Amino acid sequence: MLPIPFLLLFLSSVLSPSSAADFCVADLSLPTTPAGFSCKKESTVTVSDFVFSGLSVTGNTSNILKAAVTPAFSSQFAGVNGLDISAARLDFAIGGVVPLHTHPAASEVFLVTQGTILAGFISSSNSVYYKTLHKGDLMVFPQGLLHFQVQRGGSPAVAFAAFSSTNPGLQIVSLALFGNSLPSPLVEKVTFLDDEEVKKLKKVLGGTG
Amino acid sequence: MLPIPFLLLFLSSVLSPSSAADFCVADLSLPTTPAGFSCKKESTVTVSDFVFSGLSVTGNTSNILKAAVTPAFSSQFAGVNGLDISAARLDFAIGGVVPLHTHPAASEVFLVTQGTILAGFISSSNSVYYKTLHKGDLMVFPQGLLHFQVQRGGSPAVAFAAFSSTNPGLQIVSLALFGNSLPSPLVEKVTFLDDEEVKKLKKVLGGTG
Amino acid sequence: MLPIPFLLLFLSSVLSPSSAADFCVADLSLPTTPAGFSCKKESTVTVSDFVFSGLSVTGNTSNILKAAVTPAFSSQFAGVNGLDISAARLDFAIGGVVPLHTHPAASEVFLVTQGTILAGFISSSNSVYYKTLHKGDLMVFPQGLLHFQVQRGGSPAVAFAAFSSTNPGLQIVSLALFGNSLPSPLVEKVTFLDDEEVKKLKKVLGGTG
Amino acid sequence: MLPIPFLLLFLSSVLSPSSAADFCVADLSLPTTPAGFSCKKESTVTVSDFVFSGLSVTGNTSNILKAAVTPAFSSQFAGVNGLDISAARLDFAIGGVVPLHTHPAASEVFLVTQGTILAGFISSSNSVYYKTLHKGDLMVFPQGLLHFQVQRGGSPAVAFAAFSSTNPGLQIVSLALFGNSLPSPLVEKVTFLDDEEVKKLKKVLGGTG
Amino acid sequence: MLPIPFLLLFLSSVLSPSSAADFCVADLSLPTTPAGFSCKKESTVTVSDFVFSGLSVTGNTSNILKAAVTPAFSSQFAGVNGLDISAARLDFAIGGVVPLHTHPAASEVFLVTQGTILAGFISSSNSVYYKTLHKGDLMVFPQGLLHFQVQRGGSPAVAFAAFSSTNPGLQIVSLALFGNSLPSPLVEKVTFLDDEEVKKLKKVLGGTG
Amino acid sequence: MLPIPFLLLFLSSVLSPSSAADFCVADLSLPTTPAGFSCKKESTVTVSDFVFSGLSVTGNTSNILKAAVTPAFSSQFAGVNGLDISAARLDFAIGGVVPLHTHPAASEVFLVTQGTILAGFISSSNSVYYKTLHKGDLMVFPQGLLHFQVQRGGSPAVAFAAFSSTNPGLQIVSLALFGNSLPSPLVEKVTFLDDEEVKKLKKVLGGTG
């Protein structure tokens, strides 16, 4: 057999250091593009870029939702940038709820790892699909559709979600309606809700106008 | 020059009749796929498959919304199937509204051709973007985000929308909440709305449970 | 209920300010990428980025085509960048024509809003599809195929087009042949046109060589 | 307000029953396409199509690998068809290993929910990225790259994976080399392994030739 | 070690026979979809589906173009269906030309393997890029743009092309203008060519009207 | 007819100099993105960016493989950046082999232009597809699957490959196993190879650990 250097020569001719293949670990200091964050130089990438420990921590459910979402999107987990996949952890105290929301840019699979959760979604045809999920059950929420998760039973629950985008987005309906500056008359006009209800929820959820 | 048959021979060798290129006019009698409807045979396709006259008719605005949406999606307009584009017409009587909704599968450009319309959307970061649009104004609603359109001023309004999908979907929040069988306690849990309001709107919008 | 700050805390943990989701308003001063322009920082984005008024103005048809195209692509309308959708306005004086052309990167829907227009396209199989369109008619031109629009009847015409790309491109055949420096013998070789015709049209359309 | 029927009329004009939007639950009896399985009719879809309980069961690790993979791809979980997302459960007995493999069509996120696992991948530039993962750690394996998982420590381990495709594929290197009819001389030629080793492993892994 | 059957059991649990992964060999008797032809059952697929010998034969250049194109698109080469890649062979006699054309659905790389060829394309900005290519030169033609190839020098030429689609399409400008039933006055209107020239070329290229 | 300047005015209104359409020639000094390299300014692009002569040179086969791969990926051939197509040349001396490898990000078509080559791939279902290819034969290797090429017969061989990505990546199994720092016990664990074999090949292929 011939000496190794020839082989390495062969390899290095194929695999230029400026290659854009394989992965694109996010560098948040560079410009953002329609396809995600720009890439760190491969020479500075380490295994730590591909491992995220943030989902090992129980989320703080001491809030109005009695629930917490811990995301591992490309903003938090640079290694998934450009790979069309990301994840999140969901913690539910008793009575916890992840209210009606959409992910504008992703489908989701949702796995219950502890406790019992009632989960569901509503289709464009206005059909309702919901079911009580137990430990080990997996549910899929198609892209962009309204869905929700509600803790059930006598013990807290935990679930993990994965998304078909590194940046699925999250739009919670009640926050979109009552948690910003959208004027109350406009909220009422586009939802049919009455004035009293809108103003009450704006107070609770921090909305103005 | 050589006789024509040689050229036609050349052509036909390149362009087999079973070619899947160029377009895929929907045949609704064949199986549907994740990429859209199956295609009609090219030999049966005519120019009528690529022209849709349904948007020339004023929509009937005698309804609760005082507005009408006339779609030209692949279900109605077979020629757009597989081409990542579709359209719709929106008519607004005075007081008309297209309530808060999303298109789960498409971004939208919205062009006012008559009257005045207040239109807006809410982002994943819960920022609100809205503006009064006049004749000729074009607004874009990014994919999957909650948005709305409300007629303004003393005359009816007309707008045309185009979508980045042949089947953008349409999910109206108030119908998703109050126009189906989603149980009232669940609606209340995932929206923070109170029981009275939910039950009142279920009556108006046809919901049960 | 718990105080609002807890909820906002929850929200901000999910929606990092460096998020790339939802939209990517073009910043033309940053590098361009295969997926479009780089994005403006979300904190500098306003509703004006999502509204374009340039299509409200009648195009100047005092030219050789007696027609005008006013684009709302990502170069003109920063808000559509990355969203796979864009639009344009077409004005036709009497006798106006948008000559044979392609959009290399997009399918198109074309809506007549005033007057009468004869429009058509030619397929890869060399089939011809054309029809006289009246106000309200919508036609689709599949991606990359040669197509044209010609004003008909006694009054000017207006149409609006939408495209399945934020940068559909536009390649007019006669300008590609006669409006640049492609040498006449080469033009003749690749089109079968005769020398006299090519040189005559080069004079009209500004070509050299 | 006007009576409900008008609203429903409005709705049904927008949402044709032949709509292809939202989701495409796999019908394995219909033709398969490059984009996945054909879709069940929406009228026959129920919530059960979107929930999969197969991952709640511990895999049988009484095999040569001391490990088991339980997939929830579109073949097993019809609801994910067309949605660019799927999942799997991985069980490891002590000493268990998921040997060197690729998913030709997907990136993967891998979440340890019990025990300790050493996981890693190798890049196109032949860099090695591996790390010991503990409960709650999430690792990403970019599309198509060789990767592996090995149980560590004194207790069994469990992990869940999600993929950026409904049908990620799975190609285990040692099975590709030693578990089929690829002739031994050819295996040796394309791997540099010696004849004795190849024949020994063919016996273990069921290969012929 | 444990017996083999356990391993095979493991394998078969992962790799269901109804899997849609890896490839989708075209079955032209099944419905065509926007993503290409439906797939043959994997059990009937053989290596012959993945090998195409049609490009080994010199094309017949005894025609008006003194050139021949032999395609290996999904209609001819079932194995490339769904894989976003295809190929073609181009033969040029002395004086041969592949006239001005586009591939509506694909970018192309073009490799000269014999002789000398002048090749070029025109951009959306109406810039002209052309160069004389020698044996071994590779040129790229971006998707949808007008391009051409002309034999040069004293010997025949051969080239191979690959495309970023299994069905790139082929639209030859002069055939689109003069080789079908598009009425002459319309051709003249959309090209600025004069009546005499159009009628002359229609005779040569088989057009009517 | 009207004077030319009007037409040019028309053109320049449509084709802004900041357009991102048509192509995106790689500028390796700018940030890399998930969609490839950032683009050179169009004003600095010349025909040389679209022509690559590197494949005209016979690769140096004086190495352990008796084979050479010369890539024309976006790192070497800036013009293909963003166009989902690239190419490579493969030279085989007698006895030459391109060992078992994958392209994580692309499907490949492989054309033999000289000599005889035995080529094959293995599917996710562990089926083996291989065949002896002669001059002019074209074979396709679906994305991400393990494949190989071995010279046959009494004369050297040459082949050209094209890929469905501008940066297909290349992962050679034996180098991934024996040509880096992956610890020997780990290699043995994830492949079932024995210690002696692993250490022998690490010496040959430059591995450590």
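Going in written order, the chains are labelled A, B, C, D, E and F, and every chain counts its residues from 1.
By our rule, contacts are C-beta pairs under 8 Å (C-beta built on N, C-alpha and C of every residue); 3 or more make two chains touch, one makes a residue touch a chain.
As the structure is a computational prediction, the values presented were derived from the model and not from experiment.
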- For chain E and chain F, chains touching each: C, D
- Message: Find the pair in A-D, C-E or A-C that has over half of its contact pairs, by residue number, in common with E-F.
- Response: A-D
- Measuring from the mean C-alpha position of chain B to the mean C-alpha position of chain E, what distance in angstrom results? 34
- Task: Would you mind pulling out the distance in Å between where the CA atoms of chain B average out and where those of chain C do?
- Result: 21
- Between chain C and chain D, what is the separation of their C-alpha centroids in Å? 41
- Would you pick out the residues of chain B that each touch at least 2 other chains? 11, 15, 19, 21-22, 31, 33-37, 104-105, 120, 123-124, 126-127, 130, 142-143, 145, 169-170, 175, 179, 204-205
- Taking chains as nodes and touches as edges, what kind of graph is this: line, ring, star, complete or other? other
- Item | Pairs of chains found to touch, sorted by chain label | A-B, A-C, A-D, A-F, B-C, B-D, B-E, C-E, C-F, D-E, D-F, E-F
- Message: For the complex, give me every residue of chain C touching chain E.
- Response: 97, 99-100, 102-105, 118, 120, 122-124, 126-128, 130, 142-146, 148, 150, 169-171, 173-182, 186, 189-194, 197, 200-201, 204-205
- Given the complex, residues on chain A that touch chain F span 1-2, 4, 6-11, 13-16, 18-22, 24, 27, 30-31, 33-39, 81-82
- Query: For chain F, which residues are in contact with chain A within the complex?
  - Reply: 28, 31-37, 62-65, 68-71, 73-76, 104-105, 165, 167-170, 172, 175, 179, 204-206
- Item | Residues of chain F touching chain E in the complex | 11, 15, 17, 19, 21-23, 42, 46-48, 50-57, 72, 77, 79-80, 83-87, 106-109, 111, 113, 120-121, 123-127, 129-131, 133-143, 145, 160, 162-164
